[in-house]
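Listed below are the structures to be examined.
First subunit A sits with subunit B, and in the next complex the same chain sits with subunit C.
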Partner chain A sequence: MISMSIVKRKPLPGWVILVIPVAAVFVTLLITAIPILFAGGNVFKAYGSLFYGALGSKFNLLETFVKASPLILTGLAVAFAFRAKFWNIGAEGQLFAGAIAATWVGIYFTWLPSFLVLPVMIIFGFFAGGLWATIPAFLKTKLKVDDVVTTLLLNYVIFHIMGALLFGPMQMPGSSWPRSASIMDAAFYPMLIARSRFHFGIIVSFVAILVIWFINSKTVFGYQSRGVGINLEAAKFGGINTGMVILKTAIISGGLAGLAGVGEVAAIHHHLMMDVSTGYGYTGIVIAMLGNLHPIGVALAAFFFSVISVGAQTMGRVAGIPTYIVGVIEGVALMTMLIFILLTEYKIRWTKS
Partner chain B sequence: MQPVIEMRGVTKRFVDVIANDKVDLKLFPKEIVGLLGENGAGKTTLMNVLFGYYNLDGGKLLINGGEVTFGSPKDAINHGIAMIHQHFTLVQTQSVLENVMIGMEGSFFLNKKKAREKLLGIEKDFGLNLDPDAIVWTLSIGEQQKLEILKSLYRGAKTLIMDEPTAVLAPTETIELFETLRILVASGHSIIFISHHLQEVMDICDRVIVLRSGKRVAERKVSETSIPELASLMVGRELLERLERGEAKTGNAVLEARNLKVRNNRGIVAVDNLSFTLREGEVLGVAGVSGNGQTALSEMLFGQVKPEDGEIHISGKNIPGGSPSAIIKEGMARIPEDRIKTGLFMDLSVKENMILESHVNEPISKKGLINMKEIRSFAEKCINNFSVKTDGMDAPVKSLSGGNLQKVILARELVGKPKVVVACQPTRGLDVGAMEYVHQAMLDQKTDGAGVLLISDDLDEIFLLSDRIIVMYEGKIIGEVSTNEADRDKIGLWMSGVTS
Partner chain C sequence: MMSEIFSVAFITGIIAATLRMSTPIILATLGEIITERSGVLNLGIEGTMLFGAAIGFLTTLSTGSLWLGVLAAALAGIALSLIMAILSVYLGLSQHVSGLGITIFASGLAMFIYRLVVGSPTVPPIIDPFSPIAIPLLSRIPILGGSFFTQYSLTYITWLLIPAVSIFLFKTRAGLRVRTIGQNPFAADTVGVNVNLTRTLCLAAGGAFFGVAGAFLTLAHQNMFLIDVIGGRGWIAIAMTIFGNWNPVMGAVGGLIFGFLDALQLRLQTLGVDLPFHIFLMIPYLITIFALISVSRKASVPAGLLKPYRREDKGG
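After this line comes the complex of A and B, so read on.
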């Protein structure tokens, strides 16, 4: 009989970490070729139309950026929290919090000078998401309540708070649907390229990548946050106020997700509704893992997901492959990446007995 | 006679080290074989191979003359082998009986009555008296060890592997354990006894096998060997280290503990009304059997745990309890008991570990921003001054050997010329070379005028380095003596709680 065992391997050189995501994507496309074949498609035609649909024209490319923006923000949110081992599964809820706050500013802050509306909306959206994330952070540091559970469950709490608002005080007058009134024009994210949806929020997400990269690699807080994630006891021993680090991490993480909510309201929908997010918060978890918790990795992973999601429409039309393949590719990509990451630390050994 | 267990040419390799190199071992019925060797000599690895945790990379394993391959500990247990680890594998919140039954339930329904009868029968046969309904966490360490033995016997073990069973026991408990082992052997069991305590091996074993750097270097009948011979076989050279302790030139008090008291996480008093004064230019040794409050004491001094009562003074200044950063600010060098769990970020690089305590200070960081250039020059200084063997400061710290991990901590803590050094078990798990390095570093600190508090289970180490010795027993200081006037036997008695 042949048996398999998993053993530690020697630390690999640093460049391996750069090759891994590329290799993982390649392997993913190989694996997902199988269901495409089963669906009766031509693999080359399918992938060709997929990438053409996402990258092939100026409009398509810009649309891919539009789609990537919220994914970058939620991906960064999750990655930043995970790095400190604050298991924030609640980016979806923090996104809702940000969207609610942005809508509130966008509808009711008409007394603000118009050039202040966007900054105020962004700040409110950030802190709404951030504060919502402090609840599980407090529960974790003060009462040792498991953060996976609390962050996840609070998603449902805020979802229903949003529902109550949209059927109640925030409902658009005269509407019977759970939607808010439209936000004022001054609260719209400006479109930066004519005849496209390439909006200001995309710039926000790119700035967020740089800021998170800077925090991670250049600040004392970035060092402490990573230390807390790697070894809480050693961080305490080293004099780091671990509770405070987790709290700040939660605020930044939730804030990033909140910004995704701001973007969806201010750039895409211009009002609040129950399906303001199509699961961006959850997809953010996958993207964070796929990006190996590194801000640049997260950006690339978000872009990859966006390519697949935008390109799948074209693939559906041209190659006749149902767009459900998107879910398959996303799932396979995550599994492949996790296995690849595992293989950087361990190797599989086969033994005959 | 047929050996119950025979290991022939057993080889076990890890990534780049050979942990066991063609080791032979035979164990006959009714025999206690001692497996002797320093930390890292491959004793535990060899036993983990025998117990099915690791696959063999070479050699053979025979049980009662027949060759076997163990895929997992379950196979070993089915062949009547049990292993009693240093760290017990008990469910703290369950009763003795429940712990014995775990994994042996047999069917979906528990038959507690039958299990209880069987357990009481075993207890009677071997003189191991434990209340089947006692909850594990209320038991003493010695009793928990009895429970581990009962668990093995309940599972029908004929061979017991005991991994340093006495390390956690008080001397009286050790005597009790040895009685139990003798009863077991008399009833036909065989035992492999892992230790690095020579006297114990001489007391309880019939035969000794000495391992050094993964190789079997000698086998002796206990009746035909002596402690000095075993010591030199174990270490591989004639003499243990000879360090010049030097005179203590004591000055001002640098560290004072006043009436410290703290409870452990079970609510039991771990350190009770403990006071001492450490002065410049001396090494004060804190001896004691492990588990008598030394860890709790170190955690209070390091700021990890807030004392329930009492004060800590550094250079005459009262330091708030439970704050590592306050302690660090006063410049205490802290060498924690568990370097991997407490002292290091194993997933970070060497340089990032060097700045653990100084990362909030200028020039390492300024206004919340870290200065990579300063970090590099600081790390370089640390690595050079303490000759840390590493592939560079950017190498992950986990790629370093145990001795070099400890050097990383020593470097970080000692490079700033501290006034007070507190070291808890600083040589635990290190090889001889690294051990000597650590010892020399401690003495150098003393020569430079620092006060050094050395908390150690290892009495040899205490005698080697200390100018004064205090002995902890059940959270209190039971005795204090200057090393020049110290008598080992008397200290041994203190360690077991006898004062007269």
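After this line comes the complex of A and C, so read on.
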């Protein structure tokens, strides 16, 4: 009989960390060629149309940036939380919270001087997401309730709160659909490149990458947050107020997801509706892992998934592959990346016994 | 309205609906309890249920046989659980992330396969679903007959599975082995239990439960496949596992409470209570969170949960 064991390997050279994600992406596309073949597609034509659809023209490329913006924010949100082992699976719900707050400001704060509308909207959206994330953080630290389950369940709670608002006080007068009135013009994210949807929110997400990188690597809080993630007991013993660190981590994490919600309202839809997110919060989990929880990695992973999701539309039209292939690719990418990360630290040994 | 609420028809209806709505939750909770008792948290549950719902539905759609659909759903659940076993048991990867990976992958694959098979018709295809079976004599008892004894066969099977899983876990040698590796895999290994194989078998059993739980929704509760058919029921089952303190009977009680709330919100809506229906839809999730809070202090988590087993780790 052959048995398998997993043993530590000698540390690999530093460049490997750069090669790993690329190799994982390559293997992923190799595996997901199987369902494409099943769908009767020509793999080269399918992937060709996918990459052309996402990168092939100036407009397509800018659309890919548009799609990347919420993914960068939810990816950062999840990565920042996971780094502290706060299992925030609730970025989707925190995104909704941010979108609700942004819409509220965008519709009702007409008394604000117009140059203040966007800053107020961004701040409200950030803290709406952040506050929503403090609920599971509080339950985790004070009452020892599992954060995975609460963050997941709270996604459904806020989704239905949004539904109640959109069928109730926030519903557009005269509409029978669950949608809000349009936000005022001053609450639109400005478009930065003519004849495209390249908007201000993309800049917001780039700034977020830098800010999170700075917090992670240059501040005491970033260090404490990491410490809590590596070893909670040791961090406590070392004098860190771990409950407070987790709470602050949750606010920043939820806030980032909230900003994604602000962006979808302020730049894309200009009103609130039930499908304001197409699962950005869940894709954020995959992005955080594929990016190895590092902000730069997250940015690249978000861009990759944006390519997949924008390109899948073209692939659907040209090669007739159902666009749900995006979810398959996401899942396979996550699992492949996990295995690749494992193989950088361990090797598999087969022994005959 | 009060008189309507206390009418025999209303009470019979709500008990019947409670038992119906709780069936997939209880099935999934039983599956998760078996898995977690062996030391593995399977967050692939939500995706596995959707995959089971899709595969079960498509199998029935093409063969016309409901039971083949159920079988296919169970096999589909097992297949996904084996991937989970490779990742989290044999490779020892994070159970949280592996499970979420399975959910994302399985959800995508379920919808992909569904689209591939049925295309994009304007009206979604439907099947001829399971119909409730009235048990002779018993079904004629007032209230209880129309509720308890007029149910889908899958619901009856689920009730039988509650004591069955209980007896398996607490009264059999195999169950003792499962619980031991969930508490202390090193001790189990010392007395010759194959930890990884046992965990894989528990995952497979759980996966079959998840798959059938999903198929219940597309083959009995409804007669079509919709992409949001699971609607977080997998996560509810994870919550009920904790709420039930990893005990099948208590987990089933949790499932019944959720089923009751689900049934109640539907009834109150149809009675025309003047509140946005989303408020009602939210209640089961909120109550589940409160239920978790209420048990959090006395929860006895299997000590080996979330920890991959590597024999070499023993000393350190």
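Keep in mind that, in the parts below, the second predicted complex is superposed on the first by the 353 of 353 C-alpha atoms of A that agree within 3 Å, B and C clash if a C-alpha of one lies under 4 Å from a C-alpha of the other, contacts with A are read in each partner's own complex, and residues count from 1 in each chain.
Keep this in mind: a residue touches a chain if its C-beta (ideal position, glycine included) is under 8 Å from a C-beta of that chain, and two chains touch if they have at least 3 such contacts.
Nothing here was measured: the structure is a model prediction, and the numbers come from that model.
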With the two complexes superposed on chain A, say which partner A:332 touches: subunit B (first), subunit C (second), both, or neither. second
*Where does A:113 make contact in the superposed view: on subunit B (first), on subunit C (second), on both, or on neither?*
neither
Is A:5 touching the first partner subunit B, the second partner subunit C, both, or neither of them?
both
By the touch definition at the top of the document, which applies to A:161: first (subunit B), second (subunit C), both, or neither? second
In this superposition, the partner of subunit A with more touched residues, subunit B or subunit C, is C
Which partner chains sit in contact with A:342 here, subunit B, subunit C, both or neither? Use first/second/both/neither. second
Checklist line | Touched partner set for A:219, first subunit B, second subunit C, both or neither | finding: first
Look at A:152 in the shared chain and tell me whether it touches subunit B only, subunit C only, both, or neither; answer first, second, both or neither. second
Contacts of subunit A common to subunit B and subunit C in the A-superposed view 5, 7
The answer for subunit B against subunit A in the complex is residues 14-16, 55, 69, 71, 302-304, 323-325, 327-328, 334, 336, 341-348, 352, 355-357, 359-360, 365, 368-370, 395-396, 398-399
Seen from subunit A, its contact residues with subunit B in the complex are 3, 5, 7-11, 218-224, 226-227, 230-231, 233-241, 351, 353
Contacts from subunit A onto subunit C in the complex sit at residues 4-7, 35, 38-39, 87, 89, 139, 143-146, 148-150, 152-157, 160-164, 167-168, 282, 285-286, 289, 322, 324-332, 334-335, 338-339, 342
Per the touch rule above, subunit C residues touching subunit A in the complex are 43, 47, 83, 87, 90-94, 96-98, 100-109, 111-112, 115-116, 231-232, 235-236, 238-239, 242, 276-279, 281-282, 285-286, 288-289, 292-293, 296-297, 299, 310-312
